[in-house]
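All chains are identified by letter, namely A, B, C, D, E, F, G and H, in their written order; residue positions are counted from 1 within each chain.
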Amino acid sequence: MHQHDHERLARVGMPEAVLCGTKSIEQVRAIAIELAEATTEPRLLTRLGDEQLAALPTSVTDRLDDDRLSKTAMLNGVQPARPGRVAVVAAGTSDASVAAEASRTLQFSGVRHDLIVDVGVAGLWRLEARLDEIRAADIVIAVAGMDAALVSVLGGLVAAPVVAVPTSVGYGVAAGGTTALNSALASCAQGVTVVNIDNGFGAACAAVRMLSLMGRAG
Amino acid sequence: MHQHDHERLARVGMPEAVLCGTKSIEQVRAIAIELAEATTEPRLLTRLGDEQLAALPTSVTDRLDDDRLSKTAMLNGVQPARPGRVAVVAAGTSDASVAAEASRTLQFSGVRHDLIVDVGVAGLWRLEARLDEIRAADIVIAVAGMDAALVSVLGGLVAAPVVAVPTSVGYGVAAGGTTALNSALASCAQGVTVVNIDNGFGAACAAVRMLSLMGRAG
Amino acid sequence: MHQHDHERLARVGMPEAVLCGTKSIEQVRAIAIELAEATTEPRLLTRLGDEQLAALPTSVTDRLDDDRLSKTAMLNGVQPARPGRVAVVAAGTSDASVAAEASRTLQFSGVRHDLIVDVGVAGLWRLEARLDEIRAADIVIAVAGMDAALVSVLGGLVAAPVVAVPTSVGYGVAAGGTTALNSALASCAQGVTVVNIDNGFGAACAAVRMLSLMGRAG
Amino acid sequence: MHQHDHERLARVGMPEAVLCGTKSIEQVRAIAIELAEATTEPRLLTRLGDEQLAALPTSVTDRLDDDRLSKTAMLNGVQPARPGRVAVVAAGTSDASVAAEASRTLQFSGVRHDLIVDVGVAGLWRLEARLDEIRAADIVIAVAGMDAALVSVLGGLVAAPVVAVPTSVGYGVAAGGTTALNSALASCAQGVTVVNIDNGFGAACAAVRMLSLMGRAG
Amino acid sequence: MHQHDHERLARVGMPEAVLCGTKSIEQVRAIAIELAEATTEPRLLTRLGDEQLAALPTSVTDRLDDDRLSKTAMLNGVQPARPGRVAVVAAGTSDASVAAEASRTLQFSGVRHDLIVDVGVAGLWRLEARLDEIRAADIVIAVAGMDAALVSVLGGLVAAPVVAVPTSVGYGVAAGGTTALNSALASCAQGVTVVNIDNGFGAACAAVRMLSLMGRAG
Amino acid sequence: MHQHDHERLARVGMPEAVLCGTKSIEQVRAIAIELAEATTEPRLLTRLGDEQLAALPTSVTDRLDDDRLSKTAMLNGVQPARPGRVAVVAAGTSDASVAAEASRTLQFSGVRHDLIVDVGVAGLWRLEARLDEIRAADIVIAVAGMDAALVSVLGGLVAAPVVAVPTSVGYGVAAGGTTALNSALASCAQGVTVVNIDNGFGAACAAVRMLSLMGRAG
Amino acid sequence: MHQHDHERLARVGMPEAVLCGTKSIEQVRAIAIELAEATTEPRLLTRLGDEQLAALPTSVTDRLDDDRLSKTAMLNGVQPARPGRVAVVAAGTSDASVAAEASRTLQFSGVRHDLIVDVGVAGLWRLEARLDEIRAADIVIAVAGMDAALVSVLGGLVAAPVVAVPTSVGYGVAAGGTTALNSALASCAQGVTVVNIDNGFGAACAAVRMLSLMGRAG
Amino acid sequence: MHQHDHERLARVGMPEAVLCGTKSIEQVRAIAIELAEATTEPRLLTRLGDEQLAALPTSVTDRLDDDRLSKTAMLNGVQPARPGRVAVVAAGTSDASVAAEASRTLQFSGVRHDLIVDVGVAGLWRLEARLDEIRAADIVIAVAGMDAALVSVLGGLVAAPVVAVPTSVGYGVAAGGTTALNSALASCAQGVTVVNIDNGFGAACAAVRMLSLMGRAG
């Protein structure tokens, strides 16, 4: 019997999510069944492996909206719409699954957003071509691996909050994402914040926290 | 002749700051004199060393508001007041100078804020005693070294955006701040974002970016 | 012919255990058969892989109490009961197998204990709800991955010895357990001690060493 | 005005100590004056630098028992005597200041103890000559740098709890203490626990926690 | 008596340089005197410390062209002019001394070059304003610390060889230059090459090697 | 729909390549089909996995020149011949696949080159036997793992530009290639430049950039 | 056609060995066939994988003495007997395959030796029981993982050359062998030398070099 | 009162040395006085700092042979002459102090030796010019920093035992000596052994152990 944190929505504005990637097939199955029985409120599962998904009973999967690119699944639909708009900007195709995790978490949280991929700085014109679109967003999530130079360039071009998601994409010194992480943390662009490597979910949660400021009187 | 980025305020909502810590005494002196001649707009100098400060001419220091705990100096006063309120929460006395850098940057940026120190989780009641005050803020900046456990505890208690500033305070595995940094990045509290070690300035800049959302329609 | 340390029980209060995880299937099989022939005293096997278990003859398995969550197996039953009570406290479901290794080692060593899971600090009320139970224990084993913030919070709340077991649970900067390990070592709570990553066995052995103090005159 | 945790003694069995090494001269001076005014109970200052000590007023130093090898100072005397006996065992002369920090913290906590130095395993007979003395202790604190081989040898020879304090002594791969730390954590001796590098204070606090088990019925 | 490699010019196209930073004052003095006696050909000293310089006799300093920003000194003038033009592009004022080491080594090697500073990507317009100048060069040396994003942006904008010099400028995860180094190595811009941290000398030597291709038939 | 950088050839002298190793089978298939439809110009695919290759339709593979040692594939043939000659020098058989990636990229780029393998410095005569051949090249690409001593020895023997490609070949401290990388970066031979671990493609691209200098007036 | 170093025996006293672990099945097969055709002198293959072995033709395997514990194979028998005797001492069963690689390389090199396993320092009496046997050897090879404390203890007990082979055995901070490596390098026992992690082959080669001193007049 | 290991000479063939670098001025002074009173046998002090030396009383310094390049001092002269000859080979002037520590330890141990400096592989002819001299030695100690390529080249050229001493000379990735250390450990030359960074003393002790083999019947 797992001890769920059902009051998290009231306390921090977001319901508890289930990080499946660090759990066994049996553990995920048990938690999912418990959740499905305990609540009809929306719940998000992240890093849900193919085998973990296959082990879920129809009592769960009937109420599940699953996506294999992002490895996310929504139980009981999505949360009510929130104000604001987020731009999820990814450097390359290789970063697509992490960007998709951010995108799906935003969808789950009722947040409108645009997904802008393949704008790495090795071809700077691609980013410039999308800049108006990006500047129209209230918040920018920048997803990049390798040198993560996209983070600094974006941070110098927009006034909105920029949340960087370093990815583990790459090889040699890039593999694992530490170079992208450190590059984002050491960014010469002021006021950029960073989440853990490949943590598209966390970046979206950070955006949700920030969006709560919208419409609030100063 | 340095190439200042005078349009940064218009582009990203904050003026360019001068990071003195990585520059020589001569370089800081030259830049400060140039700035003082070039503009009457507010400008911030960070990590201004004692010797760098001593080398500035009175033409600069006459217009300088300096603080030695945070090693910050404001040239030409502060920016206009902005809406919103930030809580700067620090785990211990040892984190005070980094918290002060965040506090001074907020002051420079026209942001109201509270400074709450000595609430490390080894004595959890101290944090709980200040929780209402913290929850009243629009944004929380969490400053902590060593294990940075304060970040996760705060992230689980408040719904506002939480920006973690790991500090280099400590010894052994803590020294340098990498443990605090990684602990904050791996936080079990969802939606926490992180800046570079000891980067109180950057956390405040991130808060300024976020505060631009206030009062905006969704 | 392996050279067993049969006198270890007399010398350090615990019999030699067999760490199977670093041995080949053939080596484990040979050692287990030797042990089963050499002694009828209780012996513990840890990190016993599924294939290693399958390769054991019935002459061994007939006398084996195996558990697949913890990957432990007890040959020839358990040791006599010892005084004292231990609380094994784990942050999340993902830490369950490491907590189970600690729990099974305590069971093998004749130590009463409680297993308290899913009390991570992102939902602090869950920990507070179990605090009386935890405070009733003579020793606390704290099992946590990622930021291991549970260790510091527990260390600040109880007077008993706290042994931290960092786990390799997580991804990005958390994966491998180094962040949890360093966070526990740098804990702001005084007097917490730490064992190797995922070493539930070692934490239980440390508890056994400590329990020998009970009932002893000062 | 600092926020002291005056209830820590009641909560975790030890009063809050002041870690001076990470604080400025001004901060230590202010905290010490506050403490001296606020309480006549014993308080411990650790890593008190020479310049920090010199800056303390006589109102503080008159009530201070200072020791320059360990960099510790006791305000208002020591705590009442506790049952049990601890052996502080150090590999070499170079580890003496860390061993002294453990020793002084034990003295402050009212714990009897023996200090046994220069018993590194490169001359194993030196350790064997002191083994009866070490085995007579209820708890062993093992202080060692470089390869920290003393920890494993001790852990295999005694049944008491062994708390390892890796030290930053050495050069090349040893300097900083990480090799000693990892060696202690990876010890082949079961049930050894470890504290942060150079953390003699923490090891003594751990011993104090353990000694609370003495005389308690099982 | 040191064993100089006087044939290096013939073998690899550049004379042996003296890296003073890793030598004692006495060693540098002895080598400089030997060099001054042995040859009237141009020789370069790098990382020549202030105290090392002060210890040189006038028999050496009379023939020495010294520069304190770059810590370089040329004995016996410079080498004959070579074809080609190099652009040394630096992200910020803090990188100036490393850029100056590259610039002085090029001057010593008889290579025309331009020094373009303060074009970090946080203010991308500054780089764009100088792009024609940079594109006119045969080789680009990119000097940048922190995230080294300048390297990737430059690599995507010019067709010339780009040699990156990561600098140790920065703090937190940037300090030491490893982040800049790894970021440059993991650059998304194809065909960028990298030298050691702060190695302005080496980048200039690489440029000299490359310039030997000019005018050569294919 | 991916956003290709079709103008890269005009901008930096080389067309965009597709790094398949960090992409899913579906992503590579989609990109390859798009490319085959969009252009009849030569395009290079690198790190193309066996399964990725198998998933390509005949509309792509009919126009594909694939090589399994280097994991490269050329779509629509190769680029026009360029002036100059490159020597690709590899320390051992184990480095052959990385050397082949460099060789194939040169072939794709229209560059004549020689491949010289098995000349590691443990048998220095092997290198000396090939030295005339190596010295005849305009550029040298040095491919080596483990200690990468070949890089320094080559750098001291030839005047041409030397681009080092550290490889991940080896075990223990060598595995992953970081030792080879750092050894090449710290080379005592002046003017050697380095690319990412196993980045044979990048070294060839660097050579292409450098070859553009040939025949150009100084 | 590979470039073998057939003169290595004359030059350094040992023939070139083939490290198969970093080569492909095809490469090993080609090299083995070439060797078998080129020479009837003894040759050693190390880290020969099961699949690599299976791919060898009978023309090779007919002349091959293979051992699967050590993954070594001898082509054309062994070298002539050499004077001297080596003790290969291993801490635990888990180190057996590395110890076997050393043992087999000694056998190939014509060196008499004893293999002494399961003498880890957690049960010091086991080592003491074998000490006379170890002290009778001319050279000691110490094989140990985890904390590698055996190395220091041995180094303090014998006067012969001690060559340490750290192994990658273990988990958590031990896994990979870096802790054992650094522990051996930082050993408090003077005059111990170290080879790469798991490099039983290299330790045996070092012993062969040393044995050449035997019988030589001083 | 320190616990000296006076029997070490009998046990391991070398007397205990005093590593002063990790001890305080007071500790070194006390140990030296004790030693001078306790024995008239030769004793070696290493890493003796200038201030430590200045604090020694004349009762010690009268019997002390001190050398400031190597920071070594011999009390009571040197040990009797031993058979054999060692070559200490250093890559550059910067490595001279480490080479001198090896040389002085050999002198103390009664071992004839040659010191050969400035033979780094960037100018390979310098090494070749001294090769006959080096090959005449019974043992080679190779001292090198940065890339430590000298180790591999030497290892491939001589049949004698080669002991590598990586040095902390260099900057960027070389500083601290880890690159040189790992490069030596990963050397492609078989049978090379390695000691800790800057450990010239240890390399000489290893040579002394090996020289005990000379003249011994096989």
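Going forward, contacts are C-beta pairs under 8 Å (C-beta built on N, C-alpha and C of every residue); 3 or more make two chains touch, one makes a residue touch a chain.
These numbers come from a predicted model, not from an experiment.
Contact with chain G and chain H alike is made by D, F.
Summarising the inter-chain layout, the chain whose CA centre lies farthest from the centre of chain B is G. Here the CA centre of chain C is 50 Å from the CA centre of chain F. Rounded to a whole number, the gap between the C-alpha centres of chain C and chain D is 26 angstrom. Per-chain Cα centroids separate chain F from chain H by 42 Å. In terms of their C-alpha centroids, the spacing between chain A and chain H amounts to 56 Å.
Chain contacts: chain D has residues 8, 11, 122-123, 155-157, 170, 172-174, 178, 181, 185-186, 189-190, 196-197 touching two or more partner chains.
Pairs of chains that satisfy the touch definition comprise A-B, A-C, A-E, A-F, B-C, B-D, B-E, C-D, C-G, D-G, D-H, E-F, E-H, F-G, F-H, G-H. Residues 8, 11-14, 17, 82-84, 138-139, 155-163, 181, 185-186, 189-197, 201-203, 205-206, 208-218 of chain A are the ones that touch chain B when the two sit in their complex.
Contact residues on chain F toward chain G in their complex (touch as defined above): 93-94, 96-97, 117-119, 122-123, 125-126, 145, 169-174. Touching chain E in their complex are the following residues of chain B: 2-5, 7-8, 11, 16, 19, 21-24, 27, 31, 47, 168, 177-178, 181, 196-199.
Per the touch definition, chain E reaches chain A in the complex via residues 91-92, 120-124, 146-149, 151-153, 155-157, 170, 172-174, 178-180, 182-190.
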